[in-house]
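Two complexes come next, and they have one chain in common, chain A, joined by chain B in the first and chain C in the second.
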Partner chain A sequence: MSEPLPAAPAAAGSTAASAAAAAPATAPAVARRGVWRTLRRRALFWVSAAVLAVLGLVALVPSAFAGWFGHPDPRACDLASSAQPPGGGHVLGTDVQGCDVWANVVFGTRASLTVGLLCTAVALAVALVVGTLAGYYGGWLDRVVARLTDVFLGFPFLLGAVVVLTSVGSRSAVSVALVLALFSWPTMARLVRGSVRTVRDAPYVEAARAMGLPDRRIIARYVLPNALGPVLAVATIMVGSVIVAESTLTFLGLGLNAPSISWGLQLSSAQSYFQTSPHMLVAPATVLTVTVLAMITLGDVLRDVLDPRGRS
Partner chain B sequence: MTDAAPDSALATTSGPDPAPGSVPGPGPVLEVRDLTVTFRVDDGHAPDVHAVRGVSFDVLPGEVLAVVGESGSGKSVTSLALLGLLGRHATVGGSARLGGAGREPVELIGLERRALQDVRGRRVAMVFQDSAGALDPVFTVGFQLDEMLRRHAPDLTRAQRRERAVELLRLVELPDPAERLRFYPHQFSGGQAQRVMIAMALACDPEVLLADEPTTALDVTVQREVLDVLRRLRERVSTSIVLITHDMGVVADLADRVVVMRGGEVVETAPVRQLFAAPRAAYTRELLAAVPRIGTPDRPSGADGAERPALAFENLVVEYRDRRGRAVRAVDGVTLAVQPGEIVALVGESGSGKSSMGRCALGLAPVTSGSVEVVGTRPGHDTPKAVRAARARIGVVFQNPAASLNPRYSIGESVAEPLRVHAGLRGPELERRTAELLESVELPASWVSRYPHELSGGQLQRVSIARAISLGPDLLIADEPTSALDVSVQATVLELFRQVQQSLGFACLFISHDLAVVDELADRVAVLHQGRLVESGPRARVLGQPEQDYTRRLLAAAPVPDPEAQAARRVAAAC
Partner chain C sequence: MTRRVTRRLVDLLVVFLGVTLIIYLMVFALPGDPIAALGGDRPLAPNVVAELRERYHLDEPVLQQYLRYLGGLLQGDLGTTFQGQSVADRMALRWPVTITLALTAWGIEVLLGVLLGLVAGLRAGAVSDRLVLAGTVVATSIPVFVLAVSAQLWLGVELAWFPVAGTSAGWPTAYLLPAAVIAVFGLASVARLMRGSVVDTLRTDFVRTLRAKGLRERQVVGVHVLRSSSIPVLTFLAIDLGYLLGGTVVVEGVFNLPGVGQLLFQAIRAHEGPTIVGVSTALILVFLVTNLLVDLLASVLDPRIRHE
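And now, the complex of A and B:
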């Protein structure tokens, strides 16, 4: 049902093709307006895509990056060299256990990205389905969703996650992501519902209904593409907040299990030493910020380019 | 009542005598010279837009100066520029000297913000189109008037302010003004709200009142009420009125002199009678010719006398629930049929139920009782599948073309949509048909890949028509298809509509508030008022010799684009 994103570029591509067939004279003008052609002219797209590609690579093969400065093993810690500032063999210094910060940041990428992206993707998927149905059809489903989201919103997010996680036996990045998604989809669903409702009564949707189009097509081609903008913006921001939420849970001993490595864990262990050794906080905080910024920028650029009005 | 005095005084070309009640002054109240407005687009990445290019005109004491033009002519931008309301992307050049008799002259362009705020409201006031939206819904009208007076006339006492507020409401002819001060904006009708806005604008005796399309959002009978108030106002206050409008009828009714604008330039400036009688500029002539007028000759009806109507309403009742769950009757027992091949116009003011009937035919509004039969099916009785199949034989054109096309679809995709879904066309066949359809509404076939935001209103409405006729419909429902368009564009779209109807021969339910447009197009006319059918019959009979009072009122309320005729109508109405 929800194929809005792929639909837009595909549609643009097909018209470009049809226009080229119908009137070859205008072909260059049409091709200029394609999604990819516009996208590749945006410097911001390349910057954010490159950042995310590097992060993805790091997450896949951390061992290839960890050893660059001579300390490839994040778990080889030397308590004697605890909390050393950057310099010498430890390019980013060491943490309070004497572990190399660089290696930890590199190895933490996988867990953090998994939690952030998976949780957002699951929450977004559920929210899109539920929110769209509630927003488009209204009625009892809408009332149920509204009350349900009220309950979830009134319930402290972390407390809920704590309760569920204590009852979950083995905890991995995937299970943590799913639990976080369980508690974050209602906010998103509410957003989707509101956004869909504003579009639902737009004259072009009414025109589509008057044409006798099936609901599936109206939702997929008329409602969702026009309602997704604000939702995607929030989803990209959510990736960051989920990564931080994972760190809080882990700090409480409820997130990833003890020997795990994640940015969140580093952040939470570093914050108590912030005044004496700020370097322990700076490194994971920076990568987290860069990740979130890259996500947001990419989301922004994509939203802009997928909207015909944003294409030059 | 009418006043004949200004008419005689202002028929002269240069320096008309001040109208009665105005302060006699030597020069103009507002002198605009070489005004230019340039917008920076996209932070300078796109070429600048020159919205106003060297506009000059004078506003004389006590006169009504109409600034007319179509959308994009720069008429609104001009007025906003005078008050410094354009925002930081605009660069304003030239000069605009404000200085009524006995008041300190001031140059408005380039005035610093503090001084400008002092001018706004006190010396130059503005009335906007959407009066209901311009009044704050959570305060009483009395409070809002009081606040205005407190801000601009701080030396008045509380009692004096109240007295002045009552006087102002009396000035715009609201009944029980003292009582009305306690009313909230929602308790006023649209016309009354606009009159309150005018009262508020006049609170500080401004030298110039800028009225930007003050009656455009109103029904004709309500528009009449506001125009009457404005007209009589001139005898009571000295304020000059700059009336920005696209409606030649309003111009003919109210203006003393007219400035015609196009593409950011002044095309012609003339006294109103001279402009209508002998327009000098070619554009003015075009503009006047495009205005639809009542009284087109007879023409053969397209109805083919088949036994089964394309659309039939039988005792139709439509009720909506309001916020408190009470039933509001939008359509109240209407029986009406549209025969194959004929155009039936549904005429009425807002709230008359005309749009609800159109929506009923499309299955977008609930049928409370009675029945609707559309191209042989009855929505609500037959299976949804049959009803949906019938939709393939109905075309729709909505009022706002920019909003009724999916912004994510290219216009080719929009036009192709019914063909793709209902006729199952794909590939080259679909492309061929789409191109044909675009050409049939006089758009280049190469535009298939353009997006709605790249087209003008008139072009978009052509796209809508192409989409509506793509399956060769038996019935077309057009809900105010031209009321969002400029007059010259409206004329061409109506012409196209007529051609298409003649060649395809579909039945058409044409919903409109504009009697002149209806007169040009329809075979039969049905007049609705508050959900009831007032009168219906052949066009020439209903519009020529109306039987019902309401129809007569409706006909009389629409101002005709001819100052002489309009003056005569006023005299007749006064008797």
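And now, the complex of A and C:
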């Protein structure tokens, strides 16, 4: 993955005239090549990336996959063939409403991935801004941010989301993602703040300051790239845990609602019939677990490579 | 030490105020009218509505309602359900179930987690280590409710090793399976944390000194390494109690255990704002207090924290 340091080339393009900027520009490039070189030798990286690539494709064009076994429409349900075990064109059987489980699993991919990625993107953006400002400027801003993260970390994740989601009337993938983002930014913000603080007074940052570079440029060019690696690894893992949280909340009856198609909804409706027709449970549960497993593994590998401090 | 305790108490107060305020604002930003919902399909008479609104102070400004709520909270009043029952009373009988469940899960987590972490850490890189690491990744990937339902189906219904649901079998039989399900997630983290901590501790100078002094390996590992590496694990275990309490909502629902989590589960379905607020606040309060206690305990165990 080459995205860990996207800020560097962008900043270099804007003011390439500065001679001083040219020298450190090679440093991140070398680091990046090193990261990629380490990464591509990891078998786990390729396995998890391949799984996620397939899932991403399924989420983008579910109709291309849903029809593989003859029942492409997840909403074409036949009550007469309710809760059929696998067989007869329904590879994974049918659910209580007589809908094809395979088609539903395929179409459910989008909901889970959307919530996971959207939530993490929002939380990451907030964490980068808040964490950088708090870490770089310190002072009262840092204290306010510290208290604020304290408050949000005072909620056990699930309980906080339960309380907030109860009050959200119409729930969609977007609103669920935003609520989950509300409780996921503090962890990453603390991480960013910590990384920023460690380099804030580093000699090369002081040199940049002595040269009279504006804060914005110092942060974007010298401070942020240093903080980005570890937090990106954590963000990847977070996508996995957000997907878990979404399905758990949906299972409780607080996540997505009925007309949507999602793994959580499939599982929550299948749970009442698990004694008579466990097949309705197995497929969505397996896909959900594999997705999360791939995300966490990728995050673990990334953290191992990007964050030398955590390396054992 | 006193200064540290005071500082932690002030921190706790700030967090507590923030947390309760957020909960309160969120729940009372509810678009639905709880009083109207009380009547179901038939609209309530206006004087009844007015009566109820006044009794529950729904006409006051939100901040005033919050302060009233907070005042009650400090006297142990967690609000009243729409049926007129005290939320604290409704929870009272349920606490033992939840506490038993959480503590059983905690016990499983501590015992197995520390053991697995120790085994993995002492032989870092060996097959057992790799197995433990792989196992922890898989364990963290399975959502609690998937695990709960699968365990119920497989170990409860098919193999009939454990009761399928309910608490009639008593402790520990009825609690083992649900507790194990909740424990799995934290167990994985404890094992990983412990492993890393053990690996780090084994490299320290004091361990080398102990060995050089001729201390038996069992004593080095069993007393010194164990104590020194358990500090980060202990901190984690405190935070994890909150997740255990959160996990009880799902597991008590699936296994039909009459605990506080099940009450919250039912309140969510019934859209009972006061009950949700009351139960969540109680659970979060327990979480905060446990964090405080373990933080203080950690400073007793680790002189470096005490003198920081």
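Quick note on the criterion: the second predicted complex is superposed on the first by the 181 of 312 C-alpha atoms of A that agree within 3 Å, B and C clash if a C-alpha of one lies under 4 Å from a C-alpha of the other, contacts with A are read in each partner's own complex, and residues count from 1 in each chain.
Everything below uses one rule, namely that contacts are C-beta pairs under 8 Å (C-beta built on N, C-alpha and C of every residue); 3 or more make two chains touch, one makes a residue touch a chain.
This one's a predicted model, so the numbers in the text were calculated from it and none came from an experiment.
**Student:** Contacts for A:225 in the overlay, against chain B (first) and chain C (second): which applies, first, second, both or neither?
**Tutor:** first
**Student:** According to the stated criteria, A:166 is in contact with first (chain B), second (chain C), both, or neither; which is it?
**Tutor:** second
**Student:** Return first, second, both or neither, reflecting whether A:217 touches chain B, chain C, both chains, or no partner chain.
**Tutor:** The answer is first: A:217 touches chain B but not chain C.
**Student:** According to the stated criteria, A:209 is in contact with first (chain B), second (chain C), both, or neither; which is it?
**Tutor:** Only chain B; A:209 stays clear of chain C.
**Student:** Contact-wise, after the overlay, does A:157 reach chain B, chain C, both or neither (first, second, both, neither)?
**Tutor:** second
**Student:** Please indicate which partner A:292 is in contact with in the superposed arrangement: first for chain B, second for chain C, both, or neither.
**Tutor:** Only chain C is touched by A:292; chain B is not.
**Student:** For chain A, give the residues common to its interface with chain B and its interface with chain C.
**Tutor:** In chain A, no position sits in both the chain B and chain C interfaces.
**Student:** Which of the residues in chain C end up touching chain A in this complex?
**Tutor:** 11, 14-16, 18-19, 22-23, 26-32, 124, 137-138, 140-146, 149-150, 152-153, 157, 196, 199, 242-243, 245-247, 249-250, 253-254, 264-265, 268-269, 271, 273, 276-277, 280, 283-284, 287-288
**Student:** For the complex, which residues does chain B have touching chain A?
**Tutor:** 362-364, 387-392, 394, 396, 398-400, 403-410, 412-413, 417-418, 421-422, 428, 430-431, 434-435, 445-446, 448-449, 451-453, 464, 467, 477
**Student:** Quick one: in the complex, what on chain A touches chain C?
**Tutor:** So the residues of chain A touching chain C come out as 147-148, 150-151, 154-159, 162-164, 166-167, 169, 240, 244, 247-248, 251-254, 267, 271, 274-275, 278, 281, 285, 288-289, 292-293, 296-297, 300, 312.
**Student:** Under the stated contact criterion, what part of chain A meets chain B in this complex?
**Tutor:** Answer in residue numbers: 8, 11-12, 15-16, 18-19, 21-23, 25-26, 30, 33, 202-204, 206-214, 217, 221-222, 225-226, 307-309.
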